Amino acid sequence: MNIINLGINNLGQPATLPPDWPGGFWWHWLVFTIIILAFVLSMVMGFIYFERRGMARMQARLGPNRVGPFGLLQPVADAIKVLLKEDIVPSKADKIVHWLAPVVAFVPVLLIFAVVPFQDGALLADLNIGILYVVAISSISTVGIFMAGWGSSNKYSLLGAMRGVAAIVSYEIPVVLAIAGVVMIAGSLSMNQIVLAQNVPFILLQPLGFLLFFIGSCAEINRSPFDLLEADSELVAGFHTEYSGMKFAMFYLVEYAEALAMSAIITTLFLGGWRGPILPPWLWFVIKVVAVFFVMIWTRTTLPRIRIDQMMALAWKFLLPLAMINLVITAVQVLVWPTAVPWVMIPVNLAIMAVLVVVWSKFFKLGWGRVEV
Amino acid sequence: MEVGGAGKYVYPAAELDRAEGEAIEALKAGSQQPISDPDQWLDEELHRNILLTTVDAVINWARLSSLWPAVSFPACCAFEFITAEASRFDLSRFGMEIVRASPRQADLMITAGTLTWKMAPNIKRIYDQMAEPKWVIAMGACAISGGIFASSYNVVPGYNRIIPVDVYVPGCPPRPEALIYGIRMLHKKIAKRSLLQEG
Amino acid sequence: MTVALSGKEIAGQLEGKFPGSIVESGRDCIVVNSDSLLAVAAFLKDTQGLDLDYLNYITAIDYYDHFEVVYQLVSLEHNHSLVLKTRCYQRDNPTLLSVVNLWQGADFQEREIYDLMGIRFEGHPNMKRIVLWEGFQGHPLRKDYL
Amino acid sequence: MALKTEPFVLNIGPAHPSTHGVFRMRSTLDGEVIVDMEPVFGYLHRGIEKLAEERTYTGVIPLTDRLDYLASMSNNLAYCLAVEKLAGIEVPERAEYLRVILAELQRIASHLIAVGAFLNDCGAFMTPILYMIREREKILDLFDMVCGQRLTYNFMRVGGVSQDIPEEFLPALRRFVGQMPGFIDEYDRFLKENEILLARAKGVGILTREMAINSSAGGPVLRGSGVKWDIRKADPYSIYDRFEFDIPTGAAGDCYDRYRVRVEEMRQSVRIIKQAMEQLPSGPVRSEVPHLIHPPVGEAYAHIEAPKGELGFYLVSDNSIAPYRCHVRAPSLINLTALRDMVVGWKIADAIIIFGSIDICMGEVDR
């Protein structure tokens, strides 16, 4: 029996009380909490392995292959080792803040998965404001990062944390505007409804929105080329410079769990979520998530890092205006041709995207030279 | 934006220099003898029969499979270490490609290069900042005994004057193969650890 | 080929301009009085036709009874060079004038000479030890360093 | 709005991932912007100049290996030239050609690391440097063939080179020279026109022509600022006057120009090696030199165009078997003179890449 199918949603009603479940929604919550925890932990392990092996291949080497078959147990070994390492709290640190920071950073990332549908209706809570909830929750982990930077009383940590806060404050806006385009087309804020609305994946109807969202979310979760927050070659290890042992493991987990969460949201919003032919829905979901993550690895191995002011400039001068234009165009399309055939809109939207990006990149350069502050 | 002059977070350079000099002299005075290997080696027989439990085996396996090196690359040998990390010799096979810049998160210090008295307090500090359990590989002749520069006025004759060393890899510089062999030796050493020893 | 300017010819020019500045002149070097070092250096740097605007290196040699400081000047434009030397006969507190204001490239090299040879350069903005630490006893490159 | 901010001191180094060794920048920051910076070094000062005074002329060669450990061959060459000039020793033809071939290979190897490390400092996560180390390994294999060492070669001798090349060397070199231009094109494809790299490196860390000359910069740093000055052309040592090659120069003197100059120099080095390989004569590789060299009393300065700039040895002889004084004109140290002026006013991220674009080797800075 496929338990996941039981959480079927009926027309926008919250799927908190599935009919056949003995014990009502407590039982449902318990099952899904366990599924989410298991999913996140196993996917993060998989991602770490996948990133290290994939990156190694792109860098003309092999990557970990000694521990277990094909090195598959490498993340397990890393996890055991890191968890058993000594936990150091610097003597000048703000002890409580230093202790709390990893938790504050980690919990919101897990909470995001509450509204991610793994299959039709298979989600912990089908909130009717699902995507709004994601936007709200995902920003909280920044507080944890800033606590880490502040609490460590290390200048590198503080600089890293400041960069992180600046990045998330700036990039939240284009990201939300990009989401708004999707919401308009789907006509709902519920994640499950958004997936159900995607007869054509929204990446085709909203190519510009996808681009903006992808760049913005990469910046929010500090993936390269926006990894200024823990920029190896500048800030040693950024905000978690002073963390060791278990607390460092939490941050490491947060980093990949955030990447997983963003991949899952991109999958849900733009790639049609769990929908796909032949294969079971959850497998489609995982395949799409991994594909998105692969692109992130790819950019990480390819691109140099940009500077903090260039990053801000990109958000405010490039992404934000484009996101607004995209919103207007989408609104016009939804209003004027509400019943237009998607196959007609696809080439139109792609053309609009191409023109806008090209034209705007004439106005905007990442900018070289000294930036006066 | 207005810069608030020489504020309380800007220390005079002369003061910093003097403090550094004092730290060096203090360390130099206190480390004229080599530190012996700190590991308490239990009787081999005892080890095999009683102490080496399954838990030990799992933990040691995890530790030896993911040795993350710290950044402490003073001189020439650093490039042999970097080459060992790169495509041809590929230390990433052993899960060692994550070179942690922050010593807090590293397990292994590969002391690649000559140690001078001016650098010694920094290396000692990096070592102290590393979280237990931690290991040290002295890579190259300079790291073992000062090597070709042993008679100089500013060279520490071996890292073991200031930090305990687990494995010595000779060579000037050691070839990457030699370094990998040294790392395998360290793996064997780690595999013999027991939780009881850590106290 | 970089032409090594003849010390004798330059010495002739200098003797007219700064009487008493030249101690000795060889085939490719001139030894100047330590007092007139700055004036001679400025002349060599700025004179048309000489334009020795590139200070190649500075070094110091300990000859027990005196220190000799060697400057090699090069003109990138005319591709010629000149070795300028000066001597310092004090041993306890040898002092020379710094050329840092003429050639910024002298900055670290003068500090290094101070550190290792113990010659103090007056007029250098940051005259302190460069490779060894504050509080190090002695100057290692001196011949009598133990 | 006038916002009052408090500057603070941030210590970059000496054990920092991008200080290429044990360099330390004691910088005063205002937020992210560097308002003042004092370079502190000496963390690798091994006293090579002092140690040279207690070794014989031949015994100093291993010490020179460890100066700029990324370009040991060039150091050997410069030192041997200085001793030969001091003692008036002739070098056989074949040895001269071998020296040129090896020195140019060394230049390629050193520039590969320089460019790779620069791109790594820009934040291209390890990828470029790993590809460049892949090619560097091929050069190291060639060196391994001739002298059995990978990093500290100790191969050149006063009056020639220590031994003749093995017969498998030339075919391997020919293969390498055939492949290398393709690899350089590949590196160019990686990041040459990358928007982010341009934004990070172009116009950053400008060293004007006047500044470069006044601060005695050398090598790619000087040429990046538009000064066409290369010792190989300006004062041809060894047999460089027999080869055809160009001196690439930059225009603006920014980080990007220095990076481009290095890449172009690799192409020129390949060109020189090709010519030298074709002209390589047969004959002895070392002239008759007494076991203990007693040069006449005097002094000599010999310089070469090392990968990092003008490398010179100033030797003083008192007719004994050891140099009376051995001074190294270290390009890395002197190129750093302008660092402070280049980084002040820029952000930390820029300071890192400006520092990376100078390409120093701490062994040579501190000696």
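We just call them A, B, C and D in the order they show up, numbering each chain from 1.
We take it that contacts are C-beta pairs under 8 Å (C-beta built on N, C-alpha and C of every residue); 3 or more make two chains touch, one makes a residue touch a chain.
Predicted model only: the values in this text are computed from it and were never measured.
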Quiz prompt | chain D and chain A - chains in contact with each | solution = B
Exercise. Check A-B against B-D and say which one is joined by more contacting C-beta pairs.
Key: B-D
Quiz item: Which chain maximises the distance between its CA centroid and that of chain C?
Solution: A
Self-check item: For chain A paired with chain B, centre-to-centre distance based on mean C-alpha positions, whole Å
Solution: 37
Self-check item: Chain centre separation (chain B, chain D; CA means) in Å
Solution: 28
Self-check item: Rounded Å distance between chain C and chain D, as computed from the means of their C-alpha atoms
Solution: 25
Quiz item: Can you give the whole-Å distance between the Cα centres of chain B and chain C?
Solution: 43
Quiz item: Considering chain D alone, which of its residues make contact with at least two other chains?
Solution: 8, 16-17, 31, 42, 45, 47, 50, 130, 134, 366
Quiz item: Out of chain A, which residues touch more than one other chain, so two or more?
Solution: 59-61, 232, 236, 373
Practice problem: Would you please write down the residue numbers of chain B that are in contact with two or more other chains? | Solution: 1, 86-87, 101, 118, 153-154
Quiz item: Which two-chain combinations qualify as touching?
Solution: A-B, A-D, B-C, B-D, C-D
Quiz prompt | chain A - residues contacting chain B, complex | solution = 52, 56, 59-67, 71, 73-74, 76-82, 84-88, 232, 236-237, 240-245, 248, 373
Quiz item: In the complex of these two chains, what residues of chain D are touching chain B?
Solution: 2-9, 14-17, 21-22, 26, 28, 30-31, 35, 38, 42-48, 50-51, 54, 62-63, 66, 69-70, 113, 129-130, 133-134, 136-137, 140, 150-152, 362-363, 366
Exercise. Going by the contact rule at the top, pick out the chain D residues touching chain A in the complex.
Key: 8, 10, 16-18, 31-33, 119-127, 130-131, 134, 191, 194-204, 345-350, 352
Practice problem: Going by the contact rule at the top, pick out the chain C residues touching chain D in the complex. | Solution: 1-2, 53-57, 59, 61-62, 70, 72, 76, 79, 83, 103-109, 112, 116, 129-133, 140-141, 145
Quiz item: Any idea which chain D residues touch chain C in the complex?
Solution: 41-42, 45, 47, 49-50, 211, 213-217, 227, 229, 234-236, 301, 303, 310, 312, 314, 316, 324-325, 327, 329, 333-334, 336-338, 366-367
